[in-house]
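The two complexes that follow have chain A in common; it is paired with chain B in the first and with chain C in the second.
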Partner chain A sequence: MKQLALSKLNELFAAMAAQQQLYIPADKGGQAQFLPYVDGMELTKSLNTARSAKDLFFPQTEDIVGFQVKGTEITIEETRDPGAPFVVFGVRACDARSFEILDRVFLSDPVDTFYETRRTNGTVVTLACTRPEETCFCGAFGIDPANPGGDAAAWMAGETLYLKANTKKGEKLLSSLPLLADCDDNAVETVQAEIHAITEKLPLNKLDLTGFDGDHLMEHFNNPAWSKLSESCLGCGTCTFVCPTCQCYDVRDFDTGHGVRRFRCWDSCMYSDFTMMAHGTNRPTQKERFRQRFMHKLVYFPSNNDGIYGCVGCGRCLAKCPISMNIVKVAKTLGEGTK
Partner chain B sequence: MQELIKAKAIELLENGTVDRVLGWKTGEFFYDLTPAVFTSREEIEKDFVYSVFSGANLSKYLVKESRKDGKVAAFLKPCDTYSFNQLLKEHRIWRDHVHVVGIACDGMCDMEKIRAYGAKGVLSVERDGDTLKLETLYGPMTMNKADAEAERCICCKSRKLVAYDEKIGEDGDVIENSGRFDMVAKLEAMTPDERYAFWQGELSKCIRCNACRNVCPACTCEKCVFDNPKSGIAQKAAVNSFEESMYHIIRAFHVASRCTDCGECSRVCPQNIPLHLLNRKFIKDINELYGEYQSGADLETRPPLMNFTQEDCEPSVVYERGGKQA
Partner chain C sequence: MTMRKDPLIPMIGVVTDIRMDTPDVKTFRVVGLDGKKPFEHIPGQCAMLSMPGIGEALFSITSSPTNEDYLEFSIKKCGCVTTWLHEMEPGRQVTLRGPYGNGFPVDTELKGKDLLIIAGGIGLAPVRSVINYVRANRANYGTLDIVYGSRSKEDLVDYAEIIDEWCKEDGINVHLTIDREQEDWDGHVGFVPNYVKELNFDTSKTVVMCGPPIMIKFTLAGLEELGFRRDQVYTTFELKMKCALGKCGRCNIGDKYVCKDGPVFRLDQMSELPDEY
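Take a look at the complex of A and B:
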């Protein structure tokens, strides 16, 4: 384990940024977001960013390929961003777990090479949550905010920052930073115990997820409660866009006037034209769209992925849904149905 | 207030005036209330909440609810009644299917503001007059209610109920100098470059979730042009920063002179973009160019941009007001 006085945090950031592009969660426009580090930038005081760390690996839009049209000739242009190594510092445990979920989708055959490139290039340094919010329920998915994972993990305790590598990539990064001093591995035990004392008190941390599996799929699907749950949903898709694990995208063409830029952009199962087909849409009302989102996270994903849920309990959809409907309310209501 | 409202909801259901009630339903916490339809005394007693967190404007739900059989009661705050009137004017709500209970309001609180004030892990809030007593995971704290109030409530345009079948509580007045155009005036005083930078900074945060549109009582098209794949301009994300602004500019134009300034767009924006400033710019301009106009204040007047009079300003006004030409 390594340590550094917190007063030298900016020196650490500068040293990392000297080697490769660094992103840290900082305040801009009244909220925290991952921003490219520039000299003197301050780490946010907010617990988590409004948008998740997913954005750095699976951005909202990216170009896939371009076509140039000249007369009757079409040339294909490579528009792929080759990317470069980068570090993202300050990822919370929930977001760090979301990469495991996204990996299962994008890195299984056929591999999404755009995502893969960013995963290879990116080093994730996590940060333990000393002050979880009431909306946090990562514990329900076995995530420990006191042991945040990633390539390297960081803790803040008193006036000191502690860092510990978890992977080869993390080791490489930490050993390249001479301003870090060695220290004992149990230096963070106290702060970990303090975090656990808080997580014990989190109101949603013990969300009961029994019965959310493939065996109860039809029971959940046919639950009459979906009508009530979805009745005031605006179909806005905020919940899917702030979610660190939502992975759907659409491929669109942009007419540049002398060619086409083919790009992909996030899509949301909450939208009326999601997976639109020639016959029309297979989810005709908001009820079916709403059901898809929660069935995917709580039932379909785990039944196809060894029981791993498609939610990490980050609480973003709880804080951001305009009508305050969310996965916890859904899970509790549906849970009643299988008891 | 909550007890009066709940009693009224139960009374209206039980005496047969209505068969459904539109209100706010309790959540996991004290602040995450969801608009919901209630059909029984039990549901109301158990789940109905009216508090400083009942900010959601229920009037737009009446577009759908009023088309159903039977009658629905809706509890509307003053600003919500302006939206209701505007929707009536646009023939979007079936008036005979709705029983409106107007409720007095002295300002709604915004959880984001409470968090920004420094409260973390808030477990409960108790209102004691002008102060809020908070219980948090990290100990108790107090704050002034005024510091927790939503922006739209701090510069509330009117506490007057403009549409109701009956009302609960003391009705207020139109507030003349609400200060709601102060920030617009500041933006107007900026140089074009500064203003452009301000809006680029704000709008570049947009994730195109469309929450602002979907919640907006002035946006009730059956199929929005931005959702129609055949329109050629449907987008789920902006291709570039120009397109990003286009969505907002088009939307602002489309609701101009119909927007009541209810503030829902800014309330729901997950990226905290001050969308109300765009709408207020239009309202301010309309006031200056066509005479004072408040949409939703009545059922008779025509929105200035949907009307024609000989006194209307000429398009050339943009040259007079537009500042230095490029």
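Take a look at the complex of A and C:
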């Protein structure tokens, strides 16, 4: 384990940024977001960013390929940027888990090479949550905010920042920073105990997810509660856009005037045109669309992925939903059905 | 770092021939830039075709794998990409990628069986690949019954091939039907589900079925009345898809993705999934 006086945090950021692009969670436009580090930039005081660090690995829009169409002929133009190594500092434990979930989608055969390249280029430094909030429920998914994942983990305790490598990539980063001093592995035990004392009391952290598995798929799907739960859903898609694990995308073409760019962009199963085809849609009302999102996170995804839920309990959808509907309410209501 | 080609990046194909099948269905022959068949496939598999600037869409490959020269797609004009395709001239390039999906189990579960193929309208496209594969490997299969229906005689896709080739071969029984009487038609008139019941097929047959959802629903009910089990019936689905790689999320039904776990499903497997198709 390494340590550094928190007063020297900016020196650490400067040292990282001198080696490779660095992103830290900072305030801009009234909200916390991951921004490219510039000298003197300060870490946000917010617990977490409005949007997760998903953007850095799976951007909201990205070019896939370009085309030139001349007469009857088409030529393909590689538009891909090979990218460069980067570090993202300050990812919370919940968001760090979301990468494991996204990996299962994008790195499974056939591999999404755009995502793969960014995962290879990126080093994730997590930051333990010293004061989890009441919308947090990562504990329900077995995530420990006092012991976050990522390539390296960081803790802030008193006037000191502690850092510990979890992977070779993390090891490489930490060993390249001479201003870090060695320290004992148990240096963070006190702060970890303090975090656990808070998470113990979090109202949503003990969300019971028994019965959410492939065995009860049809029971959950046919639960009459979906009508009531989805009744007020506006279909705005905010929950999907702030979600660190939502990965549905659209592929579209754009004529730039100098050729065609094929790009992909985030999409949302909450939207009516998501499954709309020329002959109609298989999810005609908001009830079906609403059900799809929660069934996917709580039942379909775990059924295909060794029981791992497609939710990390970050609480963003709880905070942002304009009608105060959320995955906790859904899970509790459905859970009643299988007890 | 050397980068692999991403599976979303297509190859260039050339449309060498366009056949007008019905007033709203055309069949497109596609080869690679080298003039050869772009890739091998299994009957029932699909491919993404696109015209840059217009869009990309998934179509089932209607030619049989035993055709060594080209891929064929029978496409109904009904949306943005299909309208563009219907208006294009042969000789033009398009992009394609594939093949996608599982395909029909022609070399396993269908092998050695007496087959009953049921199709409605453009639903003939994916099963035509099965029919021609079976014809090319005749010794591997038992009898072949084909029930095919459309709105009118003009709406029967591949009519010339059906009459000139399928109807003339031993061991193949073709049963055509159209929805309403018309002057130059002396064949059966009526909907596919009722016709299947009337024909009273032996329940030892294995069924391969494709058509509009309403036809599938009523035909399945008819087959069950005759004594067929759901595990004797295979069908193929098509939902909206963008990636065809199991990632974009669109064709998700229950814990399955139609693009990679399907599009072919045995109907007893479908019974375990939400009714969202």
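What we mean here is this: the second predicted complex is superposed on the first by the 333 of 339 C-alpha atoms of A that agree within 3 Å, B and C clash if a C-alpha of one lies under 4 Å from a C-alpha of the other, contacts with A are read in each partner's own complex, and residues count from 1 in each chain.
Quick note on the criterion: a residue touches a chain if its C-beta (ideal position, glycine included) is under 8 Å from a C-beta of that chain, and two chains touch if they have at least 3 such contacts.
What you see is a predicted model, and the numbers here were worked out from it, not measured in a lab.
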| item | value |
| --- | --- |
| Joint occupancy of chain A by chain B and chain C, clash or fit | fit |
| Chain B versus chain C as contact partner of A:Asp267, first or second or both or neither | both |
| Touched partner set for A:Leu177, first chain B, second chain C, both or neither | neither |
| Touched partner set for A:Met218, first chain B, second chain C, both or neither | second |
| First, second, both or neither for A:Gly235, with chain B first and chain C second | first |
| Inter-chain angle, chain B to chain C through the CA centre of chain A, in degrees rounded to a multiple of 10 | 90 |
| Which of chain B and chain C A:Ile323 touches, first, second, both or neither | first |
| First, second, both or neither for A:Met276, with chain B first and chain C second | both |
| Which superposed partner A:Ile74 touches (first chain B, second chain C, both, neither) | second |
| Which of chain B and chain C A:Asp250 touches, first, second, both or neither | both |
| Per-pair minimum CA distance [chain C against chain B, superposed on A] in Å | 7 |
| Residues of chain A contacting chain B in one complex and chain C in the other | 250, 252, 267, 276 |
| Residues on chain A engaged by chain C in the complex (per definition of touch) | 64-65, 67, 69, 72-76, 78, 80, 82, 105-106, 108, 110-114, 117, 120, 214, 217-218, 221, 247-253, 255, 260, 262, 264, 267, 269, 274-279, 281-283, 288, 292, 295-296, 299-300, 303-304 |
| Of all residues in chain B, those that touch chain A in their complex | 27-29, 31-37, 56, 61, 111, 116, 120-123, 136-138, 201-202, 205, 207-211, 213-215, 227, 229, 234-239, 267-268, 270-273 |
| Chain A residues touching chain B - in the complex, by the definition given at the top | 29-31, 33, 47, 50-51, 60-61, 131-135, 198, 201-204, 228, 231-232, 234-238, 241-242, 250, 252, 254, 261, 263, 265-268, 271-273, 276, 318-320, 322-326, 328-329 |
| Contact set on chain C toward chain A in their complex | 1, 3-10, 12, 50, 52-56, 78-80, 82, 89, 91-95, 239-240, 242-243, 245-250, 252-255, 272, 274, 276-277 |
